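Each structure below appears as structure tokens.
Two complexes, one shared chain (chain A), two partners (chain B, chain C).
This part shows the complex of A and B:
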């Protein structure tokens, strides 16, 4: 029995919009799970149902063996960090942290020592007597974290807690949150639309799209073994290069042709033996996805030839834009590459890094 | 010397604003104050004085052939004869009632003797009893302290009823979306369209049946009816200004809905709610029509002012009554002045 279990959770709003369709998810104690998805995918609604702030239309939520589906928020033993920090402006920092403890009827000394303890952890000891209006955004978020820490809840929820912070602060608070999690081991569900945040923080990432879970897995799995076309499109900066192609076999080599055959471009994907079980897709249409960093270039060798159209130096790496199948493909190469625009190159693709998706179901085609 | 068009434009706007403030705020208040300190004689003068006067420049002339005395008051550069009499008490009475000048018979006699011994007119300075109108007003308006207390009670009840009922509706309007919620909020305003008389005439029957006739509470019920709607609209914008996440955070961290309302929402909305009570206060304070219908022996101050000086043909006494009525409103506004800026949903965060 897992620690937190969502059984076919569903949310339909009174206006008929279904925000969450049948979510099944199991989370182990101490896990840091990030729910990742574009805006409107139902990730925040899912979190709010966990918190008890949205009514559950269908399904159930089991936390630590207790059905909390229809309990009011206060009886769920959870803590939450909000996007807008939600620190109460009429209370000092110390009062903010102490308020949930007072509601739990703790005695004054326990509250005082607890406030001191979490304030030290969150590095806000100097601000305990200030009001939130006198603090910066980052400090306010630390207060919100301290408040959540102080209650020792069974489940810690975070609703895009970093998105109101500026870029520089975001990475430092991110590190801080990870450190807090390492020290407390609190079971955490973190909602975000920022994949960098998700990949940096998560033990497991839950990718959501249109109210459904697309894929659940570790950062590595989500990034390198995308379960669906959506994940491949969504993950990565820049995202994977995707093209609908038809596969043909030519002298034991797997060739991808442009679906519309307009551009006459064909991409050699390597030895067919690298794709066991690909036979049934020969002659069929399929989605081909390759991450920009999994493409390399060499001197023109007669196959997979194309020319460089745009060069975007980024310091640590360089992004090259080429035309493949008539659409722009991005190639990411380490270091500062010295290359001319218009230069002819051959693309080198590692067959093991190629991802293929079924044209109908848009699910990953597995070979093994 | 030429001026840039932009500068000319902004100067014109500035002067226009200044003129608007002067004509809508400063001049009327100044007029009321001056008139309230004016004597009957001054109130009849045209053009009226801008500032109140403290004394008259006058002359007293002895008419030997009739053995009478003539009082002349300075008007512009000349003197105007206002009263001719032989009698000391007649002169004294005239000074008191028409000029707000208190002169004892002995003092008048002394002036007469001096004037008689002078060949030409005797220049004198008559000092005004500055607060005479107010004293007269309070003498005329019997039971004014009682009426003041009634007014305060009625205003207090009105504020209480409007804030409780209006505040709850405002909270509902701000936080809950239900079928016809927009219709509900608009229909609240319809209540404000009823004339006070139309409301109070039928109500007075029920009020009498409930043994509440002639009480401040009954008055407050009528005052509150249109004010509940207004308070609901004002408070709803206040509550909308308070982030829902603040309430949700409290509930997640262990508070019940009621506890959240009492410890989070209400303290945050409190300053603005206090400011919105100004409307309820003014509605109750300034009304005299409803009070005329709903009270008998326990009039409010506004009604008392109306009864006392409402039929007066000279504006100085009513002006004094108006100022008496104005002062408590000003005091109330002054007390809550720090909160008024937070009205209309501007909550300090």
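This part shows the complex of A and C:
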């Protein structure tokens, strides 16, 4: 029996919109799970159902063996960090941290030492007597973290807590949150639309789309072994190059052709033996996805030939833009590449890094 | 040097204020000062408290004073509770909340004269209030209540109810505007961190909403101290005396009585003083210590 269990959780709003459709998820104690997805995918609704701020239409939530599906938020033994921090403006920092403890009927002495303890962890000891309006966004964020830490909850929920911070602060608070998690081992569910945040923080990522879970896995699995076309499109900056192609087999080599055959381009994907189970897709349409960093270039060799159209140097790496099947593909190469615009190159693709998706179900058809 | 300074003086942006200063001096400060002077002088123009002494020796004036205080306190408390409850309810955005909001705003559209007529037709022995109560079975048709015969405290309570019916929407709309600006996450944080609905309301929503509540209540108190028209519309002059009703009575009804004008001026000063004092007491009691910036 896992620590937190979501059984076919469903949310339909009174206006008939179903935001969350049958979510099943199991989370172990101490895990840091990130729910990732574009806006409107149901990730925040799922989190709010866990918090008890949104009524559950169907299904159940079991936390530590207790059914909390229909309990009010205060009886769930959870803590939460809100997008706007929700640090109460009429209380000082110390009062903000102490208020939940007072509600738990702790004695004054315990509250005082608890406030001191979490304030030290979050590095806000100097601001205890200030009001939130006198603090910066990053400091308010730390107050929100301290308040959540102080209550020692069974489950810690975070609703896009970094989205209101500027880019520089975001990475440092991210590191801070990870450090806090390492020290406390609190079971955490973190909601975000930012894949960099998700990959940096998560033990496991849950990718959501249109109210359903697309894929659950470690950062590595989600990034390299995309289970669906959506995950391939969503993960990565720049995202994977994706093209609808028809497959043909030519002398044991797998060839992808432009489905409309407008451009005469065809891409040699390598030995067919590298794609077990691909036979039934020969002659069929299929989605092809390759990550920009999984393409390399060489001198023109007669196959997979194209020309470089745009060069975007980034210092640590270089992004090249080329036309493949008439659409723009990006290639990411390490270091500062010396290349001219218009230069002819051959694309070198590792067959093991190619991801193919069924044209109808959009699910992965080859796993390596 | 001197010329330049003079040119600077004439180019000063202070001159933009001149129209408003003239307006205030002519139509605000001058009449106010003359009213105050009139109230503190006798017929021959000598300084005296005679006007105040005379007024407070009148029984109707003492009743007016008491009635005004009762009315102000009663209507402020009743209207705040009802308006806040209504605003909290309408803020929930349920299916027909916009329709309900529209309906609750209707009384605001009635001028006081219309409100007077509307309620007066109901308060007679055979008015709509009694018919309504009879049809609900709450009243014996053989023994109807004559609401118009109510006097003293009962009349004041009746007027509080009528006034509440009229101005509730205006109080409610200010509170609703405040609630709509209220960041819902403050409240949700309360629930998540262990507060029940009542504790959240008491410890989080009320304190954060305080500036809005103070605005609404000050506007209400100023209007309540100045009540008169509804009392006159329903009961007529000199039946349920209020302070401002006394002013109107002196100016409109007994215009040529010996002290009518002096009395009207003096009561005006008293009303102004009451408004100023009660507002400053309210501000002090509600403990306005603003933390500056970004509230709610």
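Keep in mind that, in the parts below, the second predicted complex is superposed on the first by the 366 of 368 C-alpha atoms of A that agree within 3 Å, B and C clash if a C-alpha of one lies under 4 Å from a C-alpha of the other, contacts with A are read in each partner's own complex, and residues count from 1 in each chain.
Keep this in mind: a contact is a pair of C-beta atoms (placed from the backbone, for glycine too) under 8 Å apart; a residue touches a chain by one contact, two chains touch by 3 or more.
Worth saying up front: this structure is predicted, and the values here are computed from it rather than measured.
When both complexes are superposed on chain A, chain B and chain C end up clashing with one another.
Look at A:40: by the touch rule set out above, it reaches neither chain B nor chain C.
Contact with both chain B and chain C is seen for A:79 once the two complexes are overlaid on the shared chain.
In the superposed model, A:238 makes contact with neither chain B nor chain C. Once chain A of one complex is fitted onto chain A of the other, the partner contacts of A:300 are absent, as it touches neither chain B nor chain C.
Of the two partner chains placed by superposition, chain B and chain C are both touched by A:52.
Touch criterion met: A:151 reaches chain B and chain C at once. Shared-chain residue A:133: touches chain B and chain C both.
In the overlay built on chain A, none of the stretches 55-63, 109-117 or 253-261 of chain B clash with chain C except 253-261. Comparing which residues of chain A touch chain B with which touch chain C, the overlap comprises 51-53, 72-74, 78-80, 82-84, 86, 88-90, 99-100, 103-104, 132-133, 147, 151, 157. Here chain B touches chain A in the complex through residues 243, 245-246, 248-256, 259, 263-264, 267-268, 347-349, going by the rule given at the top.
Against chain C, the residues of chain A that register as touching in their complex are 14, 51-53, 72-74, 78-80, 82-84, 86, 88-90, 99-100, 103-104, 131-134, 147, 151, 157.
Those residues of chain A lying in contact with chain B across their complex are 51-53, 72-74, 78-80, 82-84, 86-90, 99-100, 103-104, 132-133, 147, 151, 157. Of all residues in chain C, those touching chain A in their complex are 95, 183, 185-186, 188-196, 199, 203-204, 207-208, 210, 291-296.
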